[in-house]
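The letters A, B, C, D, E, F, G and H name the chains in turn, as written, and every chain counts its residues from 1.
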Amino acid sequence: MDQEKMRELLKKYKNGEATEEDVILKLKEAPFEDLGFAKLDSHRALRQGIAEVIYGAGKTPEQILEIAKAAKAKGQETILITKMSKDAAEVLRGEVGLNLDYDELSKTGICGKMPAKNGRGKIAIVTGGTSDMPVAEEAARCAEAFGNEVDRIYDVGVAGLHRLLSNLDRIMEAKVVIAIAGMEGALASVVGGLVDVPVLAVPTSVGYGASFNGLSALLSMLNSCASGVSVVNIDNGFGAAYQASMINHIK
Amino acid sequence: MDQEKMRELLKKYKNGEATEEDVILKLKEAPFEDLGFAKLDSHRALRQGIAEVIYGAGKTPEQILEIAKAAKAKGQETILITKMSKDAAEVLRGEVGLNLDYDELSKTGICGKMPAKNGRGKIAIVTGGTSDMPVAEEAARCAEAFGNEVDRIYDVGVAGLHRLLSNLDRIMEAKVVIAIAGMEGALASVVGGLVDVPVLAVPTSVGYGASFNGLSALLSMLNSCASGVSVVNIDNGFGAAYQASMINHIK
Amino acid sequence: MDQEKMRELLKKYKNGEATEEDVILKLKEAPFEDLGFAKLDSHRALRQGIAEVIYGAGKTPEQILEIAKAAKAKGQETILITKMSKDAAEVLRGEVGLNLDYDELSKTGICGKMPAKNGRGKIAIVTGGTSDMPVAEEAARCAEAFGNEVDRIYDVGVAGLHRLLSNLDRIMEAKVVIAIAGMEGALASVVGGLVDVPVLAVPTSVGYGASFNGLSALLSMLNSCASGVSVVNIDNGFGAAYQASMINHIK
Amino acid sequence: MDQEKMRELLKKYKNGEATEEDVILKLKEAPFEDLGFAKLDSHRALRQGIAEVIYGAGKTPEQILEIAKAAKAKGQETILITKMSKDAAEVLRGEVGLNLDYDELSKTGICGKMPAKNGRGKIAIVTGGTSDMPVAEEAARCAEAFGNEVDRIYDVGVAGLHRLLSNLDRIMEAKVVIAIAGMEGALASVVGGLVDVPVLAVPTSVGYGASFNGLSALLSMLNSCASGVSVVNIDNGFGAAYQASMINHIK
Amino acid sequence: MDQEKMRELLKKYKNGEATEEDVILKLKEAPFEDLGFAKLDSHRALRQGIAEVIYGAGKTPEQILEIAKAAKAKGQETILITKMSKDAAEVLRGEVGLNLDYDELSKTGICGKMPAKNGRGKIAIVTGGTSDMPVAEEAARCAEAFGNEVDRIYDVGVAGLHRLLSNLDRIMEAKVVIAIAGMEGALASVVGGLVDVPVLAVPTSVGYGASFNGLSALLSMLNSCASGVSVVNIDNGFGAAYQASMINHIK
Amino acid sequence: MDQEKMRELLKKYKNGEATEEDVILKLKEAPFEDLGFAKLDSHRALRQGIAEVIYGAGKTPEQILEIAKAAKAKGQETILITKMSKDAAEVLRGEVGLNLDYDELSKTGICGKMPAKNGRGKIAIVTGGTSDMPVAEEAARCAEAFGNEVDRIYDVGVAGLHRLLSNLDRIMEAKVVIAIAGMEGALASVVGGLVDVPVLAVPTSVGYGASFNGLSALLSMLNSCASGVSVVNIDNGFGAAYQASMINHIK
Amino acid sequence: MDQEKMRELLKKYKNGEATEEDVILKLKEAPFEDLGFAKLDSHRALRQGIAEVIYGAGKTPEQILEIAKAAKAKGQETILITKMSKDAAEVLRGEVGLNLDYDELSKTGICGKMPAKNGRGKIAIVTGGTSDMPVAEEAARCAEAFGNEVDRIYDVGVAGLHRLLSNLDRIMEAKVVIAIAGMEGALASVVGGLVDVPVLAVPTSVGYGASFNGLSALLSMLNSCASGVSVVNIDNGFGAAYQASMINHIK
Amino acid sequence: MDQEKMRELLKKYKNGEATEEDVILKLKEAPFEDLGFAKLDSHRALRQGIAEVIYGAGKTPEQILEIAKAAKAKGQETILITKMSKDAAEVLRGEVGLNLDYDELSKTGICGKMPAKNGRGKIAIVTGGTSDMPVAEEAARCAEAFGNEVDRIYDVGVAGLHRLLSNLDRIMEAKVVIAIAGMEGALASVVGGLVDVPVLAVPTSVGYGASFNGLSALLSMLNSCASGVSVVNIDNGFGAAYQASMINHIK
């Protein structure tokens, strides 16, 4: 119950329509969602006008369908599903009203219409190699579903520095950069040293041997000698997009 | 050489005052700093009107003094020194003109006058315990030296949740939150779940046994189930402040 | 042989019906099970009136069937099978007298009738997310098979703190809490800081990337800044239920 | 503010002595400590009649003295200080009224009188070797300060099994067992297999080489093949004592 | 070429039948196998009268068949094949003369007749649980193929200490003990503390979660507080049998 | 654009055929590839007359075919494809003009004619066991595709030292040695101690248990007590061949 | 109480001099030390006629002195003290009767006369470098104190293979070899491939960087491709000597 | 004994001045150093005309002095001492004839005259930061002592890419590059992508937190996405210099 309802209850109590016990009970039962001082739900900001997020991993196609339909029913205009299997996509496609746009590479599905691109500027998504694309596309599509313009700058790893440098203008125009790389993860440091905006680094599990499934890239990025770089979990394109969108929408 | 100088050279070349070889040579010698498309120095943004940063670790007091004096000489109004030993502070205090303000807990020194607090809002710095204060103060003082208003909310770890919750209003007012914790590092997730702004998590090496010098907190923070959390290196208060300031000054 | 049999043997020896050698030999052969000072079997307490436990992993359906039938034959009223495959369940269902109740999610089977709920109070089982449910249900069903009332409070992870807090009364009513979470494992610390009863933490292998198959949650829980938290192996719902039942049945 | 004060405020509001805004403000300011549904402080249970706990590490002797005097001033009868340096002990000894009992081996100090031993039974503390004694004594003295009878059974490691077995009666009489061992940590499994009560295992950093500062013992204990064993952090004698006391005082 | 041949060559050189160059060349070409001071082949000892060992992993059934036939052709009476797939066994069974005895559990095949049991005494093979049997049987069958009498004492893990202790006489009669356990690996320490003979410990990858595929057991065994314990690689039943056989056949 | 084109542009600018803006724009757009001071592409050296390298992992057969055809079209005489699946080989075989030579063991394909063996001498490739052959053949075939003579000396691991030593002459004749081994990786140290030329060590993931997928061999090789040994990633036969070829072609 | 005493008690019981309760009580009190089927003390074998072992680490000089004097008092002829500090040596030297022989390098002290060298043959102790000598001398002196002839073959690491090979005759003459090496630990594999006797490998913490305090050598030795190698803890010279002595004294 | 002496012995044998036994004995005693097919000493190549290397760590000043004097006595013109303490330098300075040149930063000492710079070209030594200088100077001085011209290009880390790029001509002129960096170690990949010569990467232990004493840089370098990069141990400047010199002197 929100503050308005609390005020109503207090008024009823004053008027004798509610007892002291009613007030105390209500407070004990649901102190958190009622008082409006805490975010009701960790995704509230996104849900209001932007996108409801469904984490698809570990959910059956039917569970995803049900949640998506419920979100649509309560008026949600954009619904984002991450880690969505092809099977789940098949099932949701059957529900024509959801209007699913599914991307197999990034395992993301978007239902409904895309929100307006109302951020402060662009989010540049930069990858070291083409193998980082599944993570990059997860980030890109999530960022778009959160109302951001995205500039994809892929396969500009540090082993061919000229490719990165010849895209520098595009990268420097962004408000936030998401730097995605596996193997040695050096991209984050090089980009961090070249731009003046926050760099969110995403290590990927791309590589073999001593890459230890992304550990090498993760450690590299955490130890970046460039200032202005922070890191999210290995392969967590969604997480980087979420924070990048927050930064790009800051008031 | 900047674009203006490049244009002058081209004009001289056209006029016959410079040869083709002069142009080619100049391009080969210094293509990067000359062409203006790359940031001249990774700290340029901060240095212009805000603060020059000197990383004190591994430098002798004399080296620090020399760099600080040089920065002041070229007109730098604020000079920030991190990881600065007490001995170095003694030496810099001898140079009255530098006007050193040294904080032993955070090992940070600030010379000159503090910049205006010209960010979009406040940076909240939240810690789990009092033992995290050295890292928190490094973050706080760096953020201040970068022109930010800082709200220090210390010792509100998740084991005494009421302390954190009763400070929620202050935390939610910030534009960015820096969450600093050692041991299990749960603070970042709890704060990330409560606020709608970017959370920069700093794991600290506080703890013993299976904390493995901050590894436990680091992994926790990387795996945060709350969206909107990114992570910097263990004990890296400076890094969090730097990125927080970037976000708080975003245009 | 139990103490009674030992006493009989001593009497026979005194009466000349047994030789000194008989006594010495008996002692050497089986000193442990005979003398009654040690628990005959690590599961004795449970077996007597509660449940015999069969660890199903690495056993063929036929082996499980045989052990279950033998347990029933010697009068065991409840038989609990953990890590039981669907195939094994098929085979045991064929043995009507066993009356198998199989739960696929938690891979647990229970044969016979459930014991009385004769603990001191309830065991609350709290999870961070729905993906932790297989481990949670293993814990819940084991706890029930050991004679405990269980309160399931699922999907109350710290990223949506209000969900946890609005269930606080239920959690605080329990005699023991089992806190189950993957990813950053912060749930154990938050719960440990809120309740006054023992918290048994179970890290789960839920997560990806730097969760390292549960290592992140495990370290978090071991480093809990809340007092009153202890930890069992990753995904070990059974182990937590076993110790929780011991605590709930303490005399 | 407790429920009583809340009721008073509501009455004032009804009587016109307080405005609706006053009520709303109060709720927002301190919803948690006021409403009585959450534990005010994680150590509340212990503090009431038992012991206030001061974590001495990272605090100056003067800070410890101040906290201890404040606790005494508000009527605390027993004050427990863990990880207390010899220097801090010197300072607190100067304050005669505190009546400090300091133990250098375990670095624990106890001020005031010891609480009554009002648990359900004894806590047995079992160690593998004499080198585990600092951790064991921390556990023992903490448990005593929490109102428990403690039975110390030291140096009964599994390499000399007869020493452990000849103390079995004492161990089996306890309501809870704290098993403390470094190196391979096998003690927890062996004890867990012999007794019918909860075993809290404490890995210690005793050992060298591949003990990796307690990691080997920690992993052993987490993988215990005996049921009924849970684990706390390396060298965390206090944590084991705290949970053991909770179990021993269960209602 | 052996010493005899060397002497012949020298004689020929003296007689003028060989040149100085011939001698020098021969020395350079094959100094090692010729001079008789080094073991020609690491398996020589075993091959002479006992068993030729073929490591089956990574070899095709046809390759194994070929090597086995070649060994038989040169008079080898016993041929041991480890890590042998069922498919390979099918192929070798087709070669009747090889007289293959294949054990699927341990993936070992033995061709030819078993050597005499001519060691100094018995090798006891002790396991913690039934899941350790594949490794145990590899050890047992290898030891038998090397001419040892083996006493199998399985499923006597430390969680049910009485089972281990009631088999103590058998264990103590052995000349060498191979202790095989997964999970916490405590068996090696307990056995090492009870017997007076060398204990070779084999950690197994049995377990889950924090067993980390045998790492927990491996570390436990390396840190054994019992003297007289050494360790081989995880799941390396062959290696333990090989060294145990060496010890049992020592002259 | 190369220096020649830059000079042409400058001339046009002087002649009034290009504006100052044209020159500045060109410089900003592509400063790196145009100015000839940096390597255009990390594989340039190899591509010129030697081999174009296509990393096959994570590419579809069709993508590989397309790249290979494009390379051939622009005159590339040798095309090397690493980590190439059987399926991709089928597809490329369909393109007769490519003239694919595919090796399943090493998953390498070579199209076109092999380059001349124009290095300073031979590259010796030495392996510990036959299981290291897939990595060794990758190294060997890559080295050949880069224009080197290769001497394959396989299965000369240190457990049978005489096999290594009797091949010493061949090894010592090489200009560079690639030492490939899994398990304990001792081969690199032994070879490094015997020869006077650079040794490039390649750890392989061959082994089980505590080999931890090549980590053991990797650490061994990094800690080699022999001078003159450097290391590449686990299973990275290509990388070793690439550097070995650089050394063998040094001017 | 031993079997003789048990028999006496039974006789007394038969004669009426002891009650049934007396017998039962005695059995319950001390079943293990009384029945003679278990080793009284893990060092019993050594103590009888050879050496009592005192682990000096973590004991005060006074404690060591007391234990040593007690051992001497009960007739122990040789007393071995490991990990003994110089200070402790000073104290024991003061007790003339103990006749201490202290070696600072290995931190071992031996009191009393050395036992006869009554093993089956020699124990060869082989090290990779001179920095391994502290561990090697611990092994050597312990082995001598256990009644073994020791052959010290130091500084024969694999980087200078000729040094190892020219000592091969000495190594091959031993009944057991202890191979001690840090860094890459390759010595164990090379020696294991050359000799026909059990090799006990001791990794040392010698090295830096990626040697990770002995972890690299430990993993190498566990993964030895040579058969007949087993491993003890890092720097555990005593442990290797103990098992080597057991093997050398096997009956 | 070299081949010449072998030939002499054979001649004496032919002449009757030596017996067959003499020849056989000589061969058995010292087959390796005598036959000239193996490197007599792993440092032989360097010692002949270049430098004898003494590893100073773990040696007393007196031991180092003795070895240095012996080397000088036998005609060694250059003697290189690594990991040399200041104390050792004091002692060697006392021996005027040695003519010690000691560098405290890199802990290297060089006695005698420097060899001619007779390599194929220059070795470029590139570092990420000034904190990497101790390792870089070790590499530089060792390389010089091995007869190489060295170009020091320090503090050109990837966070300020323009510094690296403006030194590209110098780097590209070298025959071998040694890339030295701590923290994220990205320098090796960036340099490897820019140059056409072998890059030897040296991770340093510079950094804190998740740099884990050089592990982060080590993994980065091993996973370099640039071809032509190989890696030596953390902080191993000597090792890189040694191999770089081998490459620079290749025939």
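Note that a residue touches a chain if its C-beta (ideal position, glycine included) is under 8 Å from a C-beta of that chain, and two chains touch if they have at least 3 such contacts.
As the structure is a computational prediction, the values presented were derived from the model and not from experiment.
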item: Equivalent of B-F within the choices C-G, A-H or A-F, defined by over half of its residue contact pairs recurring; value: C-G
item: Maximum centroid distance from chain G, chain identifier (CA atoms); value: A
item: Centre distance in Å when chain D and chain G are each reduced to the mean of their C-alpha atoms; value: 39
item: Distance between the centres, which are taken as Cα means, of chain D and chain C, whole angstrom; value: 25
item: Rounded Å distance, chain B centre to chain C centre (Cα mean); value: 50
item: Residues of chain D engaged with two or more neighbouring chains; value: 28, 31, 37-38, 42, 159-161, 165, 169, 192-194, 209-211, 215, 218, 222-223, 226-227, 233-234
item: Chain-chain contacts as defined at top; value: A-B, A-C, A-D, A-F, A-H, B-C, B-D, B-F, B-H, C-D, C-E, C-G, D-E, D-G, E-F, E-G, E-H, F-G, F-H, G-H
item: Chain C to chain A touching residues, read off their complex; value: 130-131, 159-162, 165-166, 169, 206, 208-211
item: Parts of chain H lying in touch with chain G, wherever the complex brings them together; value: 28-33, 38, 40-42, 57-59, 203, 205, 213-215, 218, 233-236
item: Interface residues, chain G side, partner chain C - complex; value: 3, 6-7, 10-11, 13-14, 20, 23-24, 27-28, 31, 35, 37
item: List of chain C residues in touch with chain B within their complex; value: 128-129, 157-161, 183-186, 188-190, 192-194, 207, 209-212, 215-217, 219-227
item: In the complex with chain H, residue positions of chain F that touch it; value: 37-39, 42-45, 53, 120, 168-169, 172, 175, 192-198, 200, 218, 222-223, 226-234, 238-240, 242-243, 246-247, 250-251
